[in-house]
Amino acid sequence: MKLTVYLSGEIHTNWRQEIEEGVRKHGLDVVFTSAVTEHDASDAAGDHLGVETDSFWRDHKSSKINAIRIKTLIRSCDMAVIRFGDKYKQWNAAFDAGYCAALGKPYVTLHDDDIIHPLKEVDGAAMAWARTTDQVTEILRYTLS
Amino acid sequence: MKLTVYLSGEIHTNWRQEIEEGVRKHGLDVVFTSAVTEHDASDAAGDHLGVETDSFWRDHKSSKINAIRIKTLIRSCDMAVIRFGDKYKQWNAAFDAGYCAALGKPYVTLHDDDIIHPLKEVDGAAMAWARTTDQVTEILRYTLS
Amino acid sequence: MKLTVYLSGEIHTNWRQEIEEGVRKHGLDVVFTSAVTEHDASDAAGDHLGVETDSFWRDHKSSKINAIRIKTLIRSCDMAVIRFGDKYKQWNAAFDAGYCAALGKPYVTLHDDDIIHPLKEVDGAAMAWARTTDQVTEILRYTLS
Amino acid sequence: MKLTVYLSGEIHTNWRQEIEEGVRKHGLDVVFTSAVTEHDASDAAGDHLGVETDSFWRDHKSSKINAIRIKTLIRSCDMAVIRFGDKYKQWNAAFDAGYCAALGKPYVTLHDDDIIHPLKEVDGAAMAWARTTDQVTEILRYTLS
Amino acid sequence: MKLTVYLSGEIHTNWRQEIEEGVRKHGLDVVFTSAVTEHDASDAAGDHLGVETDSFWRDHKSSKINAIRIKTLIRSCDMAVIRFGDKYKQWNAAFDAGYCAALGKPYVTLHDDDIIHPLKEVDGAAMAWARTTDQVTEILRYTLS
Amino acid sequence: MKLTVYLSGEIHTNWRQEIEEGVRKHGLDVVFTSAVTEHDASDAAGDHLGVETDSFWRDHKSSKINAIRIKTLIRSCDMAVIRFGDKYKQWNAAFDAGYCAALGKPYVTLHDDDIIHPLKEVDGAAMAWARTTDQVTEILRYTLS
Amino acid sequence: MKLTVYLSGEIHTNWRQEIEEGVRKHGLDVVFTSAVTEHDASDAAGDHLGVETDSFWRDHKSSKINAIRIKTLIRSCDMAVIRFGDKYKQWNAAFDAGYCAALGKPYVTLHDDDIIHPLKEVDGAAMAWARTTDQVTEILRYTLS
Amino acid sequence: MKLTVYLSGEIHTNWRQEIEEGVRKHGLDVVFTSAVTEHDASDAAGDHLGVETDSFWRDHKSSKINAIRIKTLIRSCDMAVIRFGDKYKQWNAAFDAGYCAALGKPYVTLHDDDIIHPLKEVDGAAMAWARTTDQVTEILRYTLS
């Protein structure tokens, strides 16, 4: 068995690296996928198509270019990990969770105790809630055992 | 032509009532649906199934009870309006947007200019972004014209 | 809002009647559907197509005739209630739960505490677990509120 | 031609090994998949996410962790074998059968004569009923011939 | 409960009328649908679009015009009855059966004993095999009981 | 039997009225649906959401507002008529045809002989090609006979 | 590009071999799949599951065992060739054609001129009608060019 | 990550080669697919099935043979590029765009400024509009980064 796992959410901490490292240690057959996680590159994804004076349209173009990758990867993943940190709105992460839920893609969430309440709908459709990246790694290890 | 419109998001202002009133004025054939929008009732939706000492499980039970209604209504709507206000995390609204996107349900967003950037992925999959409830009403009026 | 609710499982107690009565008291807009719940009629559903000497084929013919109704009703319901009593194998109820899960139909289970463990997979995919028919009625009342 | 076969059900006898051995003897191109079949590990699948005092929630967490694997494997299999032994409730096996049926995944059942009647709905949607693991192996051999 | 039943196959005997009459006697809530069953009209369905000298294209045009109706009715039916008589090739009836099977629409077959063997694949995917129109009526009566 | 028919394409001639009149004469049970067919209103559909200086974005906003209606109506129609006239690019009509084809919605085309060749892919997936509105009416009459 | 082509129908002539040979000559990247085409083996596919005195059930068991293979192969093919010869009822071939049509799998038919009329519905949903195996080979060669 | 990209539209300029070259320079893991792009071969795709005197049927046969390839490739691509040049009707390109849209396949358009208005519906459902092949290459490079 082999898993393709889409990692969605927070891009300012190294939770992706921690999970990938944990998986490597266990020698698990996991392929990780993600949106482009470099903030500036992601915001500028549509700039080469022409300059926009209106920031709405600049964002619009970039978010759609990013969506090509995100949509393709979510549709082809086996499961997802949705990470919520303690900063920013992170509506894209919740959007990805809803997208997974509607497609029947199993996902687990990764977040601290203090945001349990606002995440209750996102957690309600999840297969598990993890507090640490080690717990996520353990879920992957068990699933592949 | 007749539309069933799911209204998702903010529950602390009267945007739902404004759209409903606008629609009534124009005499449009629209049925509006929503999650239970009374905050306390929504949080307590699962309480009658037994008391939970752990707040995570209390939230979990309630969010799943709420999901019966939400899932059913989103799947049977023609389109949705997703509202983001200036308070709270509102991850459930972004979750609903992702759910709609994956099902191919058209939706429009309703929010102010100052949250354009964090909502770029949600707006990127939307059919329109409205700033005011009058604009939403006008979209419905036009669609039904 | 109106709900079509498929009632699956135990046919030897009056749990269906209790829920229907509860719903009537609250004046809720619910249509209940079920398989044929008369045991003998259900077992004999295929007998008019010709006598079978082998009990496997008699069962086979009857279960398929019953499946026409069950399949049609599950596919057209909004949600299901899956009831497990304290007698018999009740594999058909668990089968219906799996069928609902795969179709994305929300369901709630109704059973006592002493069978929590063997039902953990069925409960794991459910939107709620109720111990009493009053609790089921309350879920319906809330969902339709 | 190559087959991916999901083996569901009984974990206390060696029926899986018998089928796998039969397939090996015939040199068939079959990949077998299964849920985690070690009972204690399966029950404890969610324990690393935090201790639960309520046995319902312990079971709930574990069954959902297990469901990540089960759901993924059923969705990617070509066919399933659903085994019912003579012990325990085995509702998870019937649940898997219903899940397969709704997805249009062909499955065969493997069980003794004495539970024909309670399994009639599960057998009614099956492609075959086998009494012995040799018969299952023969079905695989023929299908791959 | 109400059923929409698509009647496919033989157009030279009055099996449709017999079933409809049986259903009327029992006062069942059934809507019957069918392809156009007048042979000459059916063969000429595309003639008004221009004369064809090549009989293949005449048939082609007519069969596609007929398919608009057939496809629409099969997709919206709850179940189908597929009738095979003792004359003609009747490949369209077998085609409809395959179409139903792939869509998960339950169907029953209606035919005599002497064509059991050539119909084994069609019967294999059916929910029942009936020899008489009374048996079909009884299936409908039971399903709606 | 009743049909919901989506009329797509040319808005500068009265082909829609001719078909509707033909249907009325025959007393057929047909509901016709269409995009907004007033050219200026359609181009301005998004103007109330804010003025755009860039014509691409003006068009973009309007086409998406129009798509809410078009998408909803195509998804809920039984069949479509796709009309190509002798003016303009009419790529939206070909787009609608492709959309119908992918969804399995049957459609017929309505166009003159001189554009057979460039329309061969659109006609190739159609159920019929009509040259006149009378022929379309006759298809509807036959389908509902 | 590479094609997986399901070959359905007639098993008493060597049309399969002719197409395979033609494809080999052209060096095309095609994988051919088929039901078990040995008549006696196919009829006896279920015999090892127990002797049936009633020929209907013998056929039933065998046809379902065969369906495991057929269903799996049709669902995984890119296109199908459906062959009708001049003998036997061949309802299984028409059934496969309907199954392909409902799944949106493109198929071509292969048959002589004298059965054009009874095959008009099957041909109506086909992508092409070929009279010779060379024509089928040419379609594959062109498609892979 | 690896992408399969379907290239649809204009066959009289070398835009396909330019994108392929750009992708090669960047060393990207992209597989490009297309319809048969040789005009005469495409128009004659069905000729070997028999001569047609009526040009409509010649086109019909060829377009369906071509559709086997197109349908298969669109269904298996990750994304598409839809190119509109300055000549010809190019309805097949718009048809492909609609087909992609209905299947949820992301696509980008490639065309000049002067046809923005007639392409507004096609662009409205696209993930991006590019004016040059370099811009398309850049989208692919970014998506695979």
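Residue numbering begins at 1 within each chain, and the chains themselves are lettered A, B, C, D, E, F, G and H in the order written.
Going forward, contacts are C-beta pairs under 8 Å (C-beta built on N, C-alpha and C of every residue); 3 or more make two chains touch, one makes a residue touch a chain.
Everything numeric in this text was worked out from a predicted model, so none of it was measured.
**Student:** Going by the contact rule set out at the top, which chains touch both subunit B and subunit E?
**Tutor:** C, F
**Student:** Since subunit E and subunit G are copies that touch, just let me know if over half of their interface numbering is common to both, same, or not, different.
**Tutor:** Subunit E vs subunit G: same; shared/all numbers exceeds half.
**Student:** Farthest chain from subunit F, comparing Cα centres?
**Tutor:** It is D.
**Student:** Taking contacts as defined above, which has more of them, D-G or F-H?
**Tutor:** Between the chain pairs D-G and F-H, F-H carries more contacts.
**Student:** Counting only Cα atoms for the centres, state how far subunit C is from subunit F in Å.
**Tutor:** Centre-to-centre distance between subunit C and subunit F: 44 Å.
**Student:** For subunit A and subunit H, what's the span in angstrom between their mean Cα positions?
**Tutor:** Each chain's C-alpha centroid was found; their separation is 31 Å.
**Student:** Averaging only over C-alpha atoms, locate the centres of subunit C and subunit H and give their separation in whole Å.
**Tutor:** Centre-to-centre distance between subunit C and subunit H: 49 Å.
**Student:** Would you please write down the residue numbers of subunit G that are in contact with two or more other chains?
**Tutor:** Within subunit G, the residues that touch at least two other chains are 64, 67, 104, 129.
**Student:** Where on subunit H does subunit G make contact in their complex?
**Tutor:** It is residues 33, 36, 41, 45-46, 48-50, 61, 64-65, 67-69, 71-73 of subunit H that touch subunit G.
**Student:** For the complex, which residues does subunit F have touching subunit H?
**Tutor:** My answer: residues 55-56, 59-60, 62-64, 66-67, 70, 84, 88-103, 115-125, 129.
**Student:** Would you tell me which residues of subunit H are touching subunit A in their complex?
**Tutor:** Subunit H reaches subunit A through residues 1, 3, 78-79, 104, 106, 108, 127-131, 135, 138-139, 142-143, 145.
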